Structure formats: structure tokens, C-alpha cells
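What follows is a pair of complexes built around chain A, which joins chain B in one and chain C in the other.
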Partner chain A sequence: MTTSEAIPAETALDDIRAMLLELLDEYGLEDGTEITRDTAFHEDLGLESIDLVALGSRLAERYGEHVNLAAFLAEMELDDVIGLRIGSLVDFVVHSTGRFRNRES
Partner chain B sequence: MTRADVSGTAGQRGREARAGGEQDVLLLAGRSAAELAGRLEGHRSGTPDVGAHHQEPGPRVALIGPTRERCELAARIVRKEAPWRGRKDIWFSPEPLLSAGGGIAFVFPGLEAEFSPSVTDVAGWLGTSVGDLDTHTLGRYAASVFTVNELMYRALRTLGLRPDALAGHSVGEWSAMRAAGILPERDFVRMIERADLDALRVPGLEFAVLGCSAERAASAVRGRGGIVVSHENSPNQTVVCGPGEAVSTLVDELRANGVISHVLPFQSGFHTPMFEDYLGPFRAEGVPSLPMHPATIPVWSATTATRFPDDPGRIRDLSVRHMIEPVRFGALIRQLYDSGVRMFVQAGCGQLGSLVDDTLRQSEHLTITANSPHRSGTGQLRRVAAAAWVEGGNPDFSVLDPDTAAPAAGAAVSPPTNRAELAQATRLRELGARFPAAAEFGMLLEESAASVAEVIEAADAGGRGRRARPPRVHAAGRRRTAGPHPAPGALRHTLPVDVESMPHLLDHCMAAQRAGWPDHSDRRPVMPATGMIAHLAGAARAAAPGRVVTEVSDVRLRRWLVAAPGQQVPVEVEPLDRHRVSARLGGFADAVITLGDRYPDDAPEPWPPARYERVPELSARRLYDEGWMFHGPAFQGITRSTAISPESFRAEITVPSAPGALLDNVGQMIGQWLVENHPRRCIAFPARIERIRFHAPEPPTGQTVGGAVRVTSLSDEHVVVDGQVTVNGSVGVSVTGWQDYRVDGDERACAVHRLPGTNTIAREQPGGWWLLAEPWNGLASREFFVPKYLGASERAEYEACDPPERRRWLLARVVVKDAVRGLLWRRGHGAVYPAELHVSCDRSGRYRVGGVYGLRVGDLPVAVDQCDGLSVAWVPGHAHAQPDVAIGEVSSTALETANDVAPAEERLLDRLRHMTGDALPVAMARLAVARMVVRRARPGEVGIEAEAIAAGGESHGEIAIDVASATRSRRVRVAVVPEPGGTREYAVARTDGAADNEL
Partner chain C sequence: MGRVDVNGVSTHFQRLAARPSGGEPVPTVVFVHGLGYDSLASFYLTLAAPFAEHGIDVLTYDLRGHGRSARPATGYRVSDFVADLRGLLAELAEDRPVHVIGNSFGGTIAFSFAATHPERVSSVVAIEGEPATQPWADKMERTFGNVLDEARDPANIEWLERTYGKHHARLATAALRIIESTSIVADVPSGPLLGEQELRALHCPVMTVVGSDGFQRDDPYALQAVLPSCRTEVINDQDHSVLVERHHLLRYLLLNWVTEQEHLRWLGEVA
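Up next is the complex of A and B:
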């Protein structure tokens, strides 16, 4: 850990976008699905709750176990989980990496 | 699962509202991906293409809303030559899965966290309604899920998708059982209606969905009292169940460890051992309480991850296990895949597709849901059809005509597909009028392969592929919600079945009687199987006015429908989808009936003559005159027996008058084929018929048509044939899988069936006594002979017997009646039918015989005895006799006790053996049966066993023995006979009741 700062939001979005495209099996496809902060996980990407499991383990692999998607989702109501947008995931990654790094430094 | 398309941030609901494009489907098949991509790139924007009937193998692509941009996107996807299944509403399959032999499974969801069906338009499209889909209590929630599942099943079948397997997740399995016909619809619906849906008694246990494997979940719950794994959903999803507090602690801990978990919003305790305490009411009123039938489509169990058993008892057991053992959905999906299933359709709404995908991550397959909350119901069905077509399926896009599908999402109705089709067809017709070659070309279009379609397509980018159907013009004002044809309705009525209203049934009697016999019930007139089919078809027609029956399938002939005494039979028709109904004639017969606006012109070619044909032995005249067929004039249709071979039979049938008589004669042809090829078991009657297709209206009474049957399978129990009826050289009716049950019985049984007045099943033995070996094994065969031997009052007695007693009871009557009839014939009497004799048995076991309806037999004492499957009767023929008869097995095990024989006994046996030369076991058996009759003649008298015996000579193979006590002796005749058709020997002793001799 060489930096004491949280992952920048753009980096987090890029990372998450790459992970999602991989999940969607569209990685590397030119003009693949456009993914922005406003994109909805379920409704727009057609991903289901079980895909969150795969995304959760990719996030943990990339950033460490402290980026715990399970804990993040636990605070949400079921309807919120269903309506989850990518922007919330980005904020969650920024927040939890920052929290960890701050504690480290 | 369909992954929803997205362009930018527009959701599907937004896109649905756009005019036109949503309703258009572009379908392309080609020889290579490159060719497909080229055609996509050249595709003229906005022109629909419904070349849905390419039959060639090769890659296929489909896209919804084929704008120029989207076609270009699809082209890029296709050029990568990797499968693409559903995202962006594009499907591409380089090697279509179904063309390669893959199967289709419909998977029914159970209860999930979310339930947002989009079905109002589908219900309207199918001409039904779904009511309010309430989810407030567990019971109502389940009922709503079943309703949606059932609706989606009908929708998928209407689209022309034929599942090779059905399965369900959790209680969705009941929907699968229902769809496969295991649970009759009526009973299932009644069960749901009857249940107090707000007060279902279930354990108040929580479910938690865990984002981890079953192994990890199992180790997490180990040592936590009361929590068990209830659903092994997929590699990354497992459900556990237990008391609320324990479950919530577990969920917290797992979340802390990064396992995504949540508690489900309903409680039930299903699929856990905790449900065992609640099984009582479930068994009494739930699924196990319902009548069950073998599945018409294979159903797979998530409890065992294998196919359901066929036996209703075992299905019932499984339905109980289902509630107390975990759902092993992942294992089930894996097994389905291994059995060849490649396309998984979620027949309902929910997330099952994601579980299938998670399970089959590395295995090529297609999943798609029949219903999605993100678009209209018919819009999603269009995608299912597109996806199935791309994999080589043959869905019927025409039923989704935008003209009639109710646009729930408010899309502007614009039927370019239809319009284009219409324009194309109209143009061809116009051209055809001027240039006959164009008409021919049109026909070619309708029949030929993809290559022709491609030529047309190249010539006219807006061209359609092969469309077999002429365009339909919908009359203005036609009911829009009912679909292209009015859906058949439900229908119930009662059919009186009796010989007064159906006198032709007196020509279809199972038991011949003396001419003028007054009791019709003794003749056992029954409605022939084909008559029942005619009534089922008639009821289906009545439920769908204006339409014709094009197919009758899944015919089950369950019981004889007896017409005397008459009965009122309920006839019920329930619609299955827009073309099919299920029809039921009481508990006697049922079938699925397909209705059409006209007869399809897909008749097969008439079969050529078979190899090894010869002239049949029985002419048509002999067939009926000699009683080979029991049918009377109203059913006698075979007018020429043309040619027979070891596997086939051809004949001419002149259509007789009775309802169903044409097909009945096809059944008679099976009979003649058996008589000539397999006379040992030549009686057969229909048990089930897979499919009867009607290609033309039924020929009228009096017309002569061709009949042909080909035997496809033959065993001791069954004969299965395919059949054709040709009318003026074309096939008018084709039958596949007509299965007859073959009645057990030797030639003697066959002879009694044909001519009961002059034949017997029992055999007369030298010396004049009668021996009967039971000629049938099964209950069905036995009961087939009951009406031949028993008159009305005796049948009532038979029915009153305890079922285990009936067999011996019947055999005693058969052997007595045969013995008495033999005696009467010897005295010069003409034909005597078994029902003309009445046999009674008093409390002391003494049998008496009397005549019925005019037959006089005088006072004829008879004696009967039975041992194992053998029955013996002795009728001395004079009124004052007190005959007795006894039968016993010659048993080698008797030797084992021979050592204990008293010295006096040993002397008797020695003496007997000296007289007869018998082996020891034979001598012991002779002595035993001889004593039996003597003892019965002098009940209560002691000391007759160990006296003296004397040989009285031999006649007819019988040894006469005088069994003597100190004061008297009695003469007994003892024969030893081999068991007919068996390996054992029996000793039979008889006495004609002449008085004892004083010594």
C-alpha cells in the first residue's frame, strides 16, 4: 500500500465496468454495453442477485477482503438491491478502500 | 434468463413504447457466419424478415427491432462466430443447439423473493384471465405462482415449443406435475381452491439465501441447532432454513465473511425435516391426496435429480419426500444437461435462469425466461420464439400476430410483418394468375428448403422466407383479445349410455348369449374404444364451434364402458391452449384433441404393399360368420381381407353405420392379424393410442376405403401398430402407436371367447371328471372372462366376494359349468352357454347347479375341489349321488416326513405301492386324497385313517382303492395327473357317493 488515498472514482468505475463486461461475456467487444454510474444492475444489465456473488468476489480479489460487498448489501432493503445502480457500487468501493487506507496510514 | 438490452440508459419499458420496431423480428439462416454477417450488413433498414422456416443446418441469427444500426451490431457479433444468446435482444448460434439434437426443458419457478409477472396481455392473447395475483399470504402467493406458471406453459405450447422434460424449483415442481398430466388440472385447481390459503399450517421458519456453495453453507450451519440446507440451488447459491433468530445470526456472520446473504420474505419450512410434523394435513389434503397418472411428458424431480417414477404410488411417495428433503436444483439441471437438454425455458417469472446459468457456466446452453417484468408478456414470448428458432427450433411466429396481440405497453400497433407478408402473397397471387409459373414458384416457396427462400430474399430484400400459411385477413370488429382463432371453451355435459339410445351397442357385446336371451346385461354391450374417441372428438368440436378435429392424441382407454345396465357418463372438455383441449369421458377414456380451421394438407403417402404378403386365410365373410370377431352388423366393416404378412395387414373397409365404426374396423384388423399370426393369444383390445390424425373429413357410411396396419411392436402383453385409412387413394386418417392389450389365454380360452355355447376352458379327463388350470394371469384378463361365464346374479355375488377370494370363486364356477355343459352335450343337448347355468354353494360347501331362463338340467349334484391354480369338478350325472372330489399335490417334501410314518401307515403305503407301482411320494399323495374324500363322506367318524385298503382294479388310468375301517369300506378312484403346462403332479380322488359297503 503505497498510497493513503481512496481509489479515485473514475478508476473504480473503470474497474467495475471491466468486471461487469466480463460477467456479461462482452469484454473486449467494441461498442459493447455502455455502463455509466446511472446504469441499473438488474434492469439494464439483466444481471441477477447471483451475479452479485461473482462481482463481490472479483471486488474482493481486486481490492482486498475489506471491500465487502456482502456487508454493503446487508444495509440495503431488498428493493434497493434490485434497483442497484453502478454509481452506488463505485461509491461503495471508493468509501471502503478509503476507510481501510486511512486506518492503515 | 434473458439479459435485457440497453442502449444508453433507456430501460426496456421505454423501448417498448417505441413504435413498430419492437414487434419486428429479423430471422436469418445461412451456410456460414460470414454469409449471415454480409446479409445483416446489407439488410435494408426497417424491412422485416420472417424467414422462420429455413430447415437447413448452419448458423442462425435473430434480432428484435432490426434497425440499420442494430443489424450492423448484429453483424459484428456474428463475425466473431461465438454464440450470443439474448443480450441486446440478439441471438446468434453458430451451431444451433436443437438442430444438433439438444432437448428443451421447461422449468417452473417456485416462490422467490420477488414476484413481478407481466401477464395481463398474455392472458388476453390466450383468451383467459388471471385474476388478481395476490401475494399477501404464503398460500395466496403460491396460488398466484401456479397461475402464472400454468399460463406461461400454455403460452409456450401455443408458440409451438415442445418440451422434452419438465421440472420445477421447489413447489414449482407441482406445476411441472400438473403440466405433465400427473396431477389432473381439475383436481389440482380444486386442491388450491379448497385450501384455506390464509391459514396454511407450516412451521414458522425463516429461509436465508446464501451466495455460496452448498458445501460451504453446510459447514456454516454445522453445530447450529435447527438450521439445515433446504435448497442446493447452484454452485454459488444455497438456501438454508431454521428458526428466525439463529438464521439472522448466521446471515450476519456470513456477511462479515463476504458471503452475500439475505433472508427471504416468507416462512414455510418446506423441504426440511422440520416439515415432517406438518405432513399429516399435507398428505390428507395436499398433493399426495390427489389422483395421479403417469406423466405424458417426462418430469424430473429436484429431490432425486432423476426422472419421476411412473407408478402413481411411487410418485406419491416422492411428493412427500419433496417436502422434507432438500431441493437439489443444481444437480437436477446438471442431470438434465447430461440427458441432452440444451434449452432451458423458465415457464414463469423469476430468477431460475440465473441458477441454470450458474450451474452450466462452462457448458453450452440457452436459458430464457417466458416472462420478464421488464417488458410486455407477448414481447417476451416473441423473444422466446426468436431464441428457439436460432437454436433450430420451429416456433410458430404467426400466433404472435401483432394484429391480435393486445399491446399492453401501449406500443403503437403497426403490423409491418403482416403487411409485408400480405403484400408479398398478394403479389404472388396476382402474378400467378397471369403467369402459371409464378404460382408454381409460390408453391415451391411454401415447400422447399432455405436455398429457394434465399433466392427470393436476394431478389427482394423485403422478401419473406418460406411461409406455409396463406395470409389471413382479419375481419373488422373481430374480437381482438381471443387470438387468431376463437379459443375453445370448457364444456361439460352428461352422456346417457344405454342400449335403448345406442342400440348399435348390442352389436358390440363381449359375451355372446343364446338367441333371444332376455337380459341385455349378460351380453355385456360395451362402447368400443373408437366409439369413446368419437364422443370425445364430438365434445371437443362442440367446445370449439366451426372448427374440425385434426388430431386426437394421448388416448387412454381406462375402463370398459358398459351400456347395460345403462349409465350417465360425464363428458368434460377443458381447453389446454388455443388449439387443443383435453377431453374426458368419465373415468373411462380421455384424450387430447387438436382443433383446426380446416384439415391440414400434410397427409403422408399411402404405404406400399409390405414384403412377404400372402392371401389371408380368413376371408372377410368367414371372419364374422365363424365368430372370429364378436362384432354384429353395425360394426362389421371389413369387406375384403386383401393381404397379410408377418408384420402387416391390408383390407377393404366398407364404413359401417355405428359411431366410431370406421376406426373400430382398424382395431378388428389388428384382431385378424393376431388370429392368423399368433393364435395363442389372439384376443386383444385397445389400451392406448398415441395419435390419430385426420387429414380429411371422415368418409360417409357405405363408402369403401382402404385400411392398413403395420405392427411396430409385439410382446405377450401388447401389440402396437400404426395404421392408415385411405380414401380414394389418399390417406384420410393416420394412426401412430395404437396399443392393444392382449388377453391371456390359450386356444381354449380363445374358443370360448368366439363360441361360448360349444366350448369349454376346462378339460374333461378320462373317467369323466374335469380339470381346469387357470388360463390367465392378470386381473384384466380374468375379468374379461367374468361376463362370459357369469350371469347377472352371479356377477353380483362375484363383486360381493372379498377381492382375494374372487379368483378361486370364479374358477370353481368355471369348472362346474364346463363339467355340467360337458354332461349335457354328452346327453345330446345343443349349445349351452355358461350363463344358462347358475351355480350355488351352500354353507356346508355343497354345490348345486340350476338352469336359467328355460334351461332344464334337473337335480345335478356336483363336487369341486381346488389346489394351487388347479380346480377339479366331478358330476356323476344322477340325482341321488353324493359325489366328492379332492385334489392334492404330489410333494417330494412328503418324503422328509416319511421317517415318522407309523408302522401301520407304512404297511398301508407298502401295500398301495405294491398294487400300483407308485413312487413313494405318489403313493402318499394318493392315500392322502383318498382319505380326504372318505373322511368328508363320514364326518365325525374316527379311526378310518389307518385301516386297510384294497385295490379295486384300474380303469382310465385311475386306481380304484377301497378305503376300509373295521366295519365299512368305501371305493375311491384316484388319478395322478401332470399339471397342465407345468412340472408338478397332482393326485385327484373322487367318489360318486355310492353307499359304503358293510364289512
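Up next is the complex of A and C:
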């Protein structure tokens, strides 16, 4: 049995928070917004699906191509994508990095 | 993510390489999104990754005025969008024929691209999209009129927000923004339009996927009567939002379509 070396959830949340604040800043929407696991990507942050694409690129740059947000979202239904919460993104990063490292070890 | 200058417009695109990468040449699919509040996200978040996983190179991009591409004030005729697609393929050195899959107005662009650049196209798939004919232009003018009337009334935006949530209200506002800041309303319906003769000369294989309650509900099979090679799939109990609401079904239909077209080409059954 291999030991998982997934990115810790706290680190993933910090990284995603920094990426989202950058995106919000581009729109001039960054006003000290608090971002937690419960924050909704569209409803709370006012971001759009095109911003999910930008986030996907940043995640791949940060962690590698195996963190494939497009593939993750393609398995979801529309309502789940619209209601997407930051916690789901964190879990996705933790899961994909852990799975990849296990495969490599 | 990438960005390239196409016909003077800074254009945002995304490529997803076929997996596994390397080895034999693989087919390329170009996904073209629709008008208004649409962007490459509609395809990126639904079909792009499954197609790449299936061994297909994927290219999708934001049309001028949309998503993260630049928004010039003018230049929104169908021919401008066709020139942009041609220019993007040239910039990215994509010199083999491609399968063009368009959603709504993206389908319209795909038809006009195939009519003007037949050598560049392996097949066309139009999801709730029609060729730029006179009846299409009339429909577009009516649609623009309705969108303008609805989105300009704050009460309607509030109703959208109450009924469907902030997300939908923001989409309507985004559509109004592009309509009011560009010549898109005047430009799009001006085509140039395709006549029956041009449609009958469109020899590449075509598949249209329409919702039973979508924009082509009056006669979903109309194109089969005029195009030399056209298959139509009608999705029951579905309005215009086929791509975002039925993407799991589309994945199955479209992957089969591209695979079949590639096999037929390999057998020499299609040009």
C-alpha cells in the first residue's frame, strides 16, 4: 500500500483562494471577500463559467496537467456546476494530486 | 490557455491535446460557441476533456466580443467570424482539415466556413444551429429585438434573478452589454447569406442535433432535404440549451460521429 502524498486541503484552499482573488481583482471585484469552503463560485463571488476556465489553467500550471478541472466538471450536471462551492474544488485538487502521486510511487 | 492576434483581435483560445499524446496524427475538433452571453466555457466544461481523453485534439476559442477575447466595436458579420476561424487555424499552424462543431450561432459559422473553405473541413456538427439563410436572418432579427426589450427592463432582470438566481440575471446583463456596445445586431443578420444553390453545393458530411422544443422545432429535419449529406438527431423534451443541459448525451452522439467520419475517410468513402 502506498502512502498518499496529496496536497494538504489547507494548502489547496490557500492556493485556490489566492487564484480567485487574482481573478476578482482583474474585474475590480476584490473587496476583502472572504473565501471559505462554503463560498459558492458563481453566486457568492460573482464569477462566470469563463472564469472557471481561467482557474482550470492556473490549477494545471500550479500542480501539473493531471489536475484536470475540465475533466472533473464534464462529469457534473449543469446545476451542480452553477452551484459549485470552493470546498468541491479543494477536494478535487487533493484527490487528483493524491491519485497522481500514488500512481508515480 | 493561449492568446493570439487574429485579424487585429486579441483572441483567447484553449487547446486540449489528445491523450495519450504523440504517435500517429489524430483528428482535430474545433468547438465554436454561440452569441451573446456564451463563451468557450460552454464547450470547455462539457465536451472538451472527454474528446481529448478519446484521442482527439481539441481547439476551442472565444469569438470576437465574447468571453476573454477582445471586443471591437464593429466587424460582426458572419463573414468576419468565418475569417477569424480561418485566421486562428493559420496562426496555430493547423493545416489539416478539422471537424467543426458549433453551438447555436457557432453552427452558423461552421456552415459558412464549410461553404467558403471546403478543403479545410472534415465534417460539420451544428447543435441547435442553422446555416445563414434568409429565414435564419429574419429569426435572428426577431431574437435580438426580444433580447433587447427584455434585458433593458430592470423588472425583467429582477424577475430572472428571483426565478432562476443571480447567475441567469448576470448572463442577461452580459448579453445586453455586447449588444449595446457593438454593431452585432446590425451585422450578424447581414451574413452574407447562403442561398439554396450554395447549400446544395455543401458536400461535407453534416450532423445537426436539435431539441424537440428548440429553435428548429417547426421543422427539425428541414436541412436533410437540401444538404447533400445530412443526418439529424432530435433530442426529446429539450429546448435550445442542448449543449449545457444534455452534454452527456451529446458526448456519446458526437464522439461516435467523429469516429465514424474518420473511419469513412480512412476507407476512402468520403473526401
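Here is the rule we use: the second predicted complex is superposed on the first by the 95 of 105 C-alpha atoms of A that agree within 3 Å, B and C clash if a C-alpha of one lies under 4 Å from a C-alpha of the other, contacts with A are read in each partner's own complex, and residues count from 1 in each chain.
Here is the rule we go by: a residue touches a chain if its C-beta (ideal position, glycine included) is under 8 Å from a C-beta of that chain, and two chains touch if they have at least 3 such contacts.
Bear in mind that the values here come from a model prediction, so they are computed numbers and not experimental data.
*Asks:* Quick check for you: in the superposed arrangement, does A:A70 touch first (chain B), second (chain C), both or neither?
*Replies:* both
*Asks:* Looking at A:S88, would you say it contacts chain B, chain C, both, or neither? Reply first, second, both or neither.
*Replies:* So A:S88 meets neither chain B nor chain C here.
*Asks:* Tell me the contact category for A:A54 with respect to chain B and chain C: first, second, both or neither.
*Replies:* both
*Asks:* Check whether A:L45 is in contact with chain B, with chain C, with both or with neither, and answer first, second, both or neither.
*Replies:* In the superposition, A:L45 touches chain B alone.
*Asks:* After the superposition on A, what does A:L24 contact: first (chain B), second (chain C), both or neither?
*Replies:* Touch partner of A:L24: chain B, not chain C.
*Asks:* Does chain C touch more residues of chain A than chain B does, or is it the other way round?
*Replies:* Of chain B and chain C, the partner in contact with more residues of chain A is B.
*Asks:* Scan A:T11 for contacts with chain B and chain C and give back first, second, both or neither.
*Replies:* A:T11: touches no partner chain.
*Asks:* Need the overlap of the two footprints on chain A, from chain B and from chain C, as residue ranges.
*Replies:* In chain A, positions 43, 46, 48-50, 52-54, 56-57, 68, 70-71, 73-74, 78, 81-82 sit in both the chain B and chain C interfaces.
*Asks:* Under the stated contact criterion, what part of chain B meets chain A in this complex?
*Replies:* 1-4, 6-9, 11-12, 73, 76-77, 80, 87-88, 113-114, 209, 211-212, 234, 236-237, 251-252, 254-262, 265, 351, 353-355, 358, 374
*Asks:* For the complex, which residues does chain A have touching chain C?
*Replies:* By the definition above, chain A touches chain C via 42-43, 46, 48-50, 52-54, 56-57, 68, 70-71, 73-74, 78, 81-82.
*Asks:* Name, in rising order, each residue of chain C that touches chain A in their complex.
*Replies:* 1, 14, 16, 39-42, 44-50, 53, 62, 67-68, 165-167, 170-171, 174, 244-245, 247, 251
*Asks:* Provide the residue numbers of chain A that touch chain B in the complex, in ascending order.
*Replies:* Going through chain A, the ones touching chain B are 24, 26, 29-31, 33-34, 36, 38-40, 43-54, 56-57, 60, 65, 68-71, 73-74, 78, 81-82.
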